[in-house]
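Consider the two complexes below, in which chain A is the common component and chain B and chain C are the respective partners.
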Partner chain A sequence: MLGQYATTLTFIALGAIFAYSFYAVLIAGQLSLGQAGFASLAAFSGAYLAPSGADVGDVPALLIAVAIGMSVGALAAVVLGLPTMHLRGVFLAIATLGFAEAVRVVLLNQEWTGGAQGLGVPRVLTVGMAWLALGLVAYWFWRMGRSRYGRALEAIREDELAARAMGIDVGRHRLAAFVTAGAVAGLYGVLYAYYVRLIAPDDFDFTAAVEGLVTAVVGGSTMFLGPVLGSGFLTAVPEIQRAVGVEAGWIRPFLAGLLLLVVILFLPGGLASLIRRRTRMPADAAAEAAGERAGRSHPPAGDTVVALAGLGKEYGGVHAVRGVDLEIRAGEVVGLIGPNGAGKTTLVNMISGLVPPSSGSATVLGAEIGRTPVHRIAAAGVSRTFQHSKLFNRLSALENVLVGAHLVSRPTFLRRLLWLPSARRDESAALRQAARCLERVGLAELAASRAEALSYGDQRRLEIARALASDPSLLILDEPAAGMNHVEARRLSELITSLAQDGLTILFIEHNVGMVLRTCTRVVVLNFGEVIASGAPAEIASDPAVVEAYLGSADEDPAGGSIAEGTLDDPTSAERADATPDAPPDPVVDVRPGAAGDLAPPDSTPRDAT
Partner chain B sequence: MQQLLNGIFIGSIYALFAIGFTLVFGILDRLNLAHPAVFAASAFVGIELVERGGLSLWAALPLVFVVGAVLGLLIERLAFRPLKGRADAHFAGLISSIALAGMLIALLQWRYGPDTRRFPPGSFPDTRFEVFGAQVTLVQVVILAVSLALMVALTYMVTRTRLGRGMRAVAENPTAARVLGVNVDRVTAVTFAISSSLGAVAGVLFAINVNTAQLGMGAAIELKGLAVIIVGGMGSLPGALIGGLLLGLAEVFAVQYIGSSWIDVIAFGLLFVILLLRPQGLLGARKVREV
Partner chain C sequence: MRTKLCTVAAASAAALLLASCGSGDSGGGDTSASGGGLTGEGSGESCTIEGEVPIGAVLSLTGAAASYGESQQRGLELAAAELAGNDGVTYDLTIEDDQTDPRQAITLFDEFVNDGASLIIGPTLSNAAVQADPIAQEAGVPVLGISNTAAGVTEIGDYIFRDSLTEQAVIPQTIAAATEEFGLQDVVVMYSNDDAFTESGYEAFAAALEDEGVEISETITFSKSDTDFRALLTQAQESDPDAIVVSALIEAAVPLVTQARELGIDVPIIGGNGFNNPRLMADAGEAAEGVVVGAAWNSTSDNPENQAFLEAYEAEYDARPDQFAAQAYTGLKLVDQAVRANCSAERDSIQQALGEIEDVPTVLGEFSIDENRDADHPAVVQVVENGTFTVLE
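Let's turn to the complex of A and B:
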């Protein structure tokens, strides 16, 4: 009974293992087609170097070959990964594809591989062994899913920049995912070799790579069962067709293509999306909250947190920020205001390490800006939100916050593989921490919703919760109240005040001037990239230079509004129109916060290409 | 000299194929992996038009162009438009176009069978020229002329016409283009149509050049096309032209001096070096993303 289907079942397992090597990188948002090359190198070196079954027994020989193959695959992934990890999307796919093709051609021209004739390998693999290997691989990815490492990979897939700002070392994580892919592909290569009896370099060509990719995507690249489902589906389709008597040579590939098209068009998450993804909430978030705050020591009040000296940023001759000297001390709540295009976002991008300054120097919590990578600055205790929400869209609200807690939680993946109770403790501590942060911004009941499904205001608050989760010393908020109504803005203002009481230092950009004056201990006003005023809220409100910057000229303003009263707030500031900041003909119109488009700071990284 | 010319002829076909590829990528940011299937399909259609339709080689070319355009519209409608607005549209587009390519090849197999097909004897004129001591057939000259003419026409269209302006606007920012009154859906469809018709003409020219059409011919050129568009710069039309010619020349000389089995290593070695040193390609502009 089983014997009749043994071949099919073995190929399902092999196909699934190969698909896992694609899943391993897809989960981190990387598209690689080099796995065929890894598998090929592993298959040939494993089969060639392993002792013969006659000397050590068949199964030990297979195990040795597997060990060799997985090491070769992983090593090849390191060698290929180091120079290519800065490539994104299609570029990475094509570079790795080029590698695989080069491997194929080189192996074809070697003597020891038997060239196009191929290399004979004894058949050792049984259906049971294949499924055991598949089980181990699937187990690996299952345990990875809810670990800190697995979440970090998903965060990188959803938004690389935000992941960096959460303190995730993106380069290292991407390389780790790539090496995992290499090892799994190596496993596939060896098992395949020990099943089909004769391997040739052409078994691992472009078509094979595409098949592996298709299997992974059809199955679903966001859920660990995906590759198994995909392989089962794609292997079963031709079998079923044969069983129902479809024989014409062209119908089978046609139907296979049609099914593939239907799956990809109508099941966006692949077959695995049919399985619901649960979000676990900690049962009693509040009960155990006491006494287990993630430990990070904050600088004592009054210490210098941020020190900027002559900081400037220039974009092709445009000075977005010019000669800014600024010191922020622990415990301060600093509001950064100024008309659009004044350089506020550029300034905080520099402080959080996303944009290197073109002149001047800056130290933030002991980290020197310009030379320190973003994740190190985050590790120093800087956390931020973004002007345009950069959430991990396909993750739940709770998972978003869990990623935010990356820096203050402990790695759990390896311990989860072994089911160590300490991993469970650490995971639930992180969960409680995340739940507390959600509660603090009032999103506890939306914890299970996907971030992209939240309303605009809720997304802004989720970003704040995510930033809070890392227990930062310096919290930077870029227009947190944009899109909030007056009630929400007032609640936000209360939240900021209470955070400051907890000892956080806060720097926030806001157009809601009334709110800034209410909340801050100090206000800094930026105009045309330069600081034009800095001081207590009351001083700022009456500073003629500030009023002029906002209204054009104070004398000509008959409207009678005063920024101190907050009457110039515009709750619709989320909607932007374009205008030039240096041509304010109508003071009333120009007063609108967000009247001018912000100077979006480009960075030098190549665009995400796929 | 003979090798140089041969390299240019084959290179111009590569370039034509790659330009279709890179057009969709540059404007729509999508990689259409059904492009090679169009390439193969058009070769078979071209042979059928000559064989059964009794058309001359030259009359078949415009018809193949039209067939390619229709296929392009179909590809866009079936494999890409339904994905609009999806977060994973990039991955999904790759897969859906692979699926469509598989279906297309299956249909070819149904219509023409798995065997290699050739043009009927006597389809090619025998005229030959002598250029700097090298033999050149009229067919080869026509291949070069058609490729160049199409590329010039495409460049003119993209840079000078209203449609081309729409394309460039969509490439820059589809949302803004829509706001400004560009019919993005139509521009997208037209881009696919033009891209596929270029791929189709490249396919039939390739079939003329080697006088064979095989089901696997698309897969064979697919990798070369990808290499060419990376080397030339993703989305860069002149880059694809230069990349195509470079590859054609490199191949011809590699066969002569190193041996035919190493051709692909050269192409991909070149590709790899370019990706490491100049990821944007020879003529690609480095695009920036916003924080």
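Let's turn to the complex of A and C:
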């Protein structure tokens, strides 16, 4: 019974393994077509270099060839990855495609590959071996899924900038994903060679690369079973057509294409989206919470956390921020206010390392700003939210917060592969940490919802929970109350106060001046990129310069100032909404708590504007 | 939305189920059929076999090699229609498409073997033959290649036959005839090095030229997808050769010949099997005049089989056949010959009878299968004159 379908089953397994090499990078949001090149290099070098089956036995020969092929594939991925890892989207696709084509042409012109006539290889692979290999590869990606490494890759796919801000070393993770793709593609190349008996460079051409990509996408690139489903589907289509008696010829590829179109239209997430994704919530999050708060030790109250000296940022001659001297000490709650375009977001982008300053110097928790990559600054203890939510949209709320806990959890992937109990402990510790953070912002019931399905206010709170998960020493909130109603804003204010009591230092930008005055220990006012006042809330409220700055702006078009904040080159796409008159020139002294926040316009900027 | 998804899922599940049932049934049915009435009584024309003789054909009907596959399909169907008019033996010819994909060719061979085919015809490309033929060899199912010209295909085993002359058989005759006719001393060789067929053609040319003592002043390679050869031809022109020898598929041959004549290259152009296609005259027109083509099939041969074939083909398809059609047509006729010889469509019986085919009059001329299971029949060297192939005497 099974023997009759052995060939088809083998090709399903082989197709799925090749699709996994695309899945490996798609899951990190990389579109690469270089896998055909890796497979080709691996197949030829494996088949050429491995000893003959007559000397060592067929299966050992195959295993040696697999080892050679996977090493060659991974090595090629490193060589190709180092110069191309900074490329994104279609540019990476084109660069890697160029590599695959170069490999094809080089192999075609080599003597030892047999050129266009190909290289003969004995058939060793059986259907059992193919499925065993597929099982191992699928196991690898299954165990990766719920590990810290797997979540980091998904976070990079969903929002690279936010992933960086959560302390994920994006470059290293992307390269690791790419090398995995290279090794898996290498495995495919060798297995394919040892099944079809003859390999020619044209077996790994552009069409093959596209086929692998289509298989991965049709199957679904966000769930580890996707490639198997995709390969099963695509391999079965010609079989089904033969079985139901569709006449051979052009009509078959046409129908297959049509079917593919239908699947993509109705299942944009691939066939794997038919499988529901479970989110596990630790049952006893609160119960065990008390015991294990090891966490980060915050600098003692009064220590300097942020020290800015003459910090400035210039965008093409426009000074978004100039000459800011500011010191924030541990335990402070600093409110940063100022009219639209005053440079508030640019300033916090510099403090969190997203934007390098053009002049001056800054030290944040011991890290020098401008030379330190974002993830290092995050590792130093800085965590932030964004003016426009930058959540990992297709992940659940709980997973978002788990990514936030990246820095305070231990790598678990390799231990998960071996089912070590310590990995399980670490994972549940991270889960409890995440659950606590969700509870703290009041989102525990929505843990399983996708981030994109949450209401606007909940998304803002989820961002705060995610920022809290890394147990930061300095928490930067960029307009956290925007879009919240009075009750929510008041609860947020209480949350900030309680966080400060835990020893966190908090810097937050807010238009809801009442909330700022109520919550902060110190208020800093920016106008036209410069600090015009800094002091206790009561002092600021009566500072004539501040009143003037707010009232004075009523005469001008508020949109006029937006360029000063550098909309041109702002990685958080922040100030777009600031250009709209969202903060009326209320007299600062007499503001009704919560009023200004209510006037914020609904967020219409595309989330993924960067 | 959710209900929709469920519907799609259910539909695909049902389709899969149907598929497995379908192929399961046909597999069982055919195997039992082949168990029964495949051996008949009588011999030759009087042979009568009760059951239908299942013949599988694996052709590249879509994909890169589709143009050859289509010609082969026409040739096979024409032959099948004619055989259906004969009494005694009926053939159940199943033509399948391998999409020019070795994985499909392997799968199809596997299916034909499992479904009890008495013999498999094909596949179209030599690469696919090397990959798929071992499956039939291991299962003891005879294979008749109708277009595999690469060396080594029949070495796969004693169940693998072909009626297509190898490049190694045709090209030496071409070079010998051309050397004699034009007094060649030095030539430029051009070939596409990314195609198995043209590359092995090149190797045969190089060996034959060496045997004839003709010097190769330059070897120029190009890609099978190239269409602009002007720079390469100018390069070839510089060494002032007595002839240009080209191993290319018809897609490259037409622009190459046309552009050579445009550039004022009027030395003979000598082509391999890929040139043996009516499209050469149809598409290159005047420029094709004087092109020398070695071929396995003499399209102008006046032997009665060929004349009948030409007439029938043009009546059926309103087009002139090419060598692929002729070899496919011949292939099925040879299978009929082998089945009737022992009056049995059992696999081993066909294998034995195919190996004994000798001096059978066919479209390709007097045809024999040699001891290596390769085709043995006269090749022909043709030259294009007045828009048609004529034999180079």
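One rule holds in what follows: the second predicted complex is superposed on the first by the 550 of 610 C-alpha atoms of A that agree within 3 Å, B and C clash if a C-alpha of one lies under 4 Å from a C-alpha of the other, contacts with A are read in each partner's own complex, and residues count from 1 in each chain.
Definition applied: a residue touches a chain if its C-beta (ideal position, glycine included) is under 8 Å from a C-beta of that chain, and two chains touch if they have at least 3 such contacts.
These numbers were taken from a predicted model, which means no experiment stands behind them.
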{"item": "First, second, both or neither for A:F99, with chain B first and chain C second", "value": "first"}
{"item": "First, second, both or neither for A:Y315, with chain B first and chain C second", "value": "neither"}
{"item": "First, second, both or neither for A:L108, with chain B first and chain C second", "value": "both"}
{"item": "Touching partner for A:W140 - first (chain B), second (chain C), both, neither", "value": "neither"}
{"item": "Chain B versus chain C as contact partner of A:Q4, first or second or both or neither", "value": "second"}
{"item": "Superposed model, chain A: greater residue contact from chain B or chain C", "value": "B"}
{"item": "Which of chain B and chain C A:F91 touches, first, second, both or neither", "value": "first"}
{"item": "Partner chain in contact with A:W131 - chain B first, chain C second, else both or neither", "value": "neither"}
{"item": "Partner chain in contact with A:V355 - chain B first, chain C second, else both or neither", "value": "first"}
{"item": "Which superposed partner A:G120 touches (first chain B, second chain C, both, neither)", "value": "second"}
{"item": "Chain A residues contacted in one complex by chain B, in the other by chain C", "value": "108-109, 248-250, 252-253"}
{"item": "Residues of chain A defined as touching chain C within the complex", "value": "4-8, 11, 108-109, 115-118, 120, 123, 196-198, 200-203, 233, 236, 238-240, 242-244, 248-250, 252-253, 262-263, 266-267, 273-274"}
{"item": "Contact set on chain C toward chain A in their complex", "value": "4-5, 8-9, 12, 15-16, 18-20, 22-24, 26-27, 59, 61-62, 95-97, 99, 102-104, 106-107, 110-111, 114, 127, 130-131, 134, 150, 193-196, 198-200"}
{"item": "Touching residues on chain A, where the partner in the complex is chain B", "value": "26, 31, 83-84, 86-87, 89-91, 94-95, 97-99, 101-102, 104-106, 108-109, 161, 206-207, 210, 213-214, 217-218, 221, 248-254, 256-258, 260-261, 264-265, 268, 345, 349, 354-355, 386, 393-394, 452, 600-610"}
{"item": "Partner chain A, residues of chain B touching it in the complex", "value": "25, 29, 31, 78-79, 82-83, 86-88, 90-92, 94-96, 98-103, 105-107, 109-110, 114, 219, 222-223, 226-227, 230, 234, 261-262, 264-265, 268-269, 271-272, 275-276, 279-280, 286-291"}
